[in-house]
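Here the chain labels run A, B and C in written order, and each chain numbers its own residues starting at 1.
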Amino acid sequence: MTDLDLSSAHARLRASNPLIQCITNTVVQQFSANVLLAVGASPAMLDHDADAAQFAHLAGGLLINFGTATNQQFLAADAAIEAVTADAKPWVLDPVSIGAADFRTTRIRRAAAAGPTAIRGNASEIAALAGAGAGGRGVESTDEVDAVLPAAADLARATGAIVAVSGARDAVVAHIDGVDHVARIDGGHAFMPLVIGTGCSLGAVTTAYLAAVPPAGTSSQAGPAGVGALERFTAVVAAHAHFAVAGEAAATGALGPGRYAMNFLDALFTTDDDRIARSRVAVTAA
Amino acid sequence: MTDLDLSSAHARLRASNPLIQCITNTVVQQFSANVLLAVGASPAMLDHDADAAQFAHLAGGLLINFGTATNQQFLAADAAIEAVTADAKPWVLDPVSIGAADFRTTRIRRAAAAGPTAIRGNASEIAALAGAGAGGRGVESTDEVDAVLPAAADLARATGAIVAVSGARDAVVAHIDGVDHVARIDGGHAFMPLVIGTGCSLGAVTTAYLAAVPPAGTSSQAGPAGVGALERFTAVVAAHAHFAVAGEAAATGALGPGRYAMNFLDALFTTDDDRIARSRVAVTAA
Amino acid sequence: MTDLDLSSAHARLRASNPLIQCITNTVVQQFSANVLLAVGASPAMLDHDADAAQFAHLAGGLLINFGTATNQQFLAADAAIEAVTADAKPWVLDPVSIGAADFRTTRIRRAAAAGPTAIRGNASEIAALAGAGAGGRGVESTDEVDAVLPAAADLARATGAIVAVSGARDAVVAHIDGVDHVARIDGGHAFMPLVIGTGCSLGAVTTAYLAAVPPAGTSSQAGPAGVGALERFTAVVAAHAHFAVAGEAAATGALGPGRYAMNFLDALFTTDDDRIARSRVAVTAA
């Protein structure tokens, strides 16, 4: 339980059906699209440099993931990031494959410096991006979430982004009005990392929750500058809570990752506001 | 029920196991391949400009879908379309993402002008291609099928293509010997648009049904020129009836889109001639 | 039953969790990644020419499959093959789509000449690569495994590679110390070829089993030069036995390829050393 209003974050996502542009790796495109549909968002995977920016102006949010990036995708990402930045719309960077090779590490660092609303990765990826680790080997995590928390907080301060670390117990870190907010989310299942795309699609869903946050000044909670930041933090935590809840429910009847993946899509779909509100989330601010 | 011989169209597809070349978006390649295999066709996704045309000469039909098109795919499509046109083999255009951005809209219109045997899209895509709407936002439909029927008929007359509009109640429109033929197909399920690729793979299956139509002059119904056109119309309707039937059956036991997607592949596979013949199809000619 | 120690090959794979780089076609990337995860390996699909070689130095093995190859992938493959060859690490060539068109056939032959540890394809693909057949039409096989065995043995002798032929009854052929070793593996199910990627992902799993073979000189069976070759032959046979066993088990409760595909991932995951040891494998050496 938490004081964050995760239930409303979920309700807003379902109500707004945001269009999410994903410039993402081809391994997880199908799964990410199905995940977005299951949570009530609309996926669009346009990634051509000739029109990615034009499309980004239509989208509600943008996900960048360079796991199998092509030159076309690198150029499309540059243009789309510019477009959503100009529109003050949220975008999320998934640093998957950082540290694996110099070329893509350079491009990922460049994207991180462009001001993402949120950065979501596993522990080794976040450590690598923060300069505190060697990076991952593909989509796997070798570091632990707890160990990487200080690096995640540094990264949040340095970039202004909300930083989310996926693992057995997820963490979401944000630096708001000089205070470090840390949410820890329990849930999921050991089968989750055996289904390709569960991490990458969480980046897509994080984008969808952020896209459903009301624009500044329109919120019912309008007030000091930090309110928008807190709503974005809540959105990122809600995305992780949604996955944690569905990831736990998906284990029912699953003997392995095949059935689990199917159940997971169904659980994402059937999870409602009330269930999200009862997710196991602990928040500290210091 | 209908006078169209959908049962024979299905039997011919199963008997001929046509090789279908798909130059299609990477989000739906896997699902489209599995769908083609489930209905008895053989998929091939070769999309390199260096050999797409050579391969097209081997294929029984060609699907073009520019959802995540690369320059390689645009060039491959140009060449493959030329090849199947020279061979008088069927090809289908799925205008997904038309209207989303100028660059790809231009390429989609160019393909539409190259004489596709059929065009299959959702209502907003067909409206956009016919010049009567703003286009879709990704794979979603925002217009209704009924509203777009006049535009679909215009498009069929203008291009000579059979035009299929997917929605809660699909429509297939063809202009044959000066008469507008319209088939309406009932079936499917609300989960269907929550599974990525159900629309795009219907384009692939439409191609497969068309590839199974006997070449002109070899038909048992040989006769006036309109016979070939009527058989192609029947093939497109049969593809949609097959999806409608399987889409309805797939809901059994499904709590969400995960289980539904699995059931759908099984239902496509188990649907037989007799079940296709009993699909809910209404045809008018005026 | 066989004298080959398939059980230990499987145990080593589970214990070593090898990182497998796949430069493979986009149709099967997701399925192949899920299959690798299910058997205990870690997939990475990096395929950019700028860093594929650098990443290959980190990987335990490399799979090359040009089914939907782009120019980027062709260049990445050249570089990655050089890297793993320099490191004396295993790599596997899947000649899917050979014979379909001249351009890719040329590139596949070039890769075959670069000294793969193993070559895995269906009967028509192996026949085409050996110069004894016309090649496949996509991912399908039109020749039979038995008929292609002599060509497979020729290919093994000519290239030094272990040659695996997939079909109703798989064959693995290796020329070791002047003797042709042939293993025949029974299992699988008629639904298997109706699931896209079951062949292509077997290439990935073959790479994973090979990556788990202890380096020369460290084996408990250290001895004559042929020992390493025999362990690699055992690894390739074990990969096929794993698929045969899981492919058979996956049929339980499956009415079609949808449920079968899900079951197959679960069966790959739950198959243990003991079950692999009891697979139906017959080996001859002559």
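Heads up, the rule we're going with is that a contact is a pair of C-beta atoms (placed from the backbone, for glycine too) under 8 Å apart; a residue touches a chain by one contact, two chains touch by 3 or more.
Just so it is clear, the structure is predicted and the values come from calculations on it, not from any experiment.
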Chain contact graph, described as a line, ring, star, complete graph or other shape: complete
Same or different residue numbers at the chain A/chain B copy interface, by half rule: different
Distance from chain B to chain A - Cα centre to Cα centre, in angstrom: 35
Interface hub residues of chain B, defined as touching at least two other chains: 26, 30, 70, 261-262
In the complex, chain B residues that touch chain C: 19, 26, 29-30, 33-34, 37-38, 42-48, 50-52, 54-55, 58, 70, 72, 261-270
Residues of chain A defined as touching chain C within the complex: 25-28, 30-31, 67-71, 97, 100-104, 137-140, 193-197, 254-259, 261-262
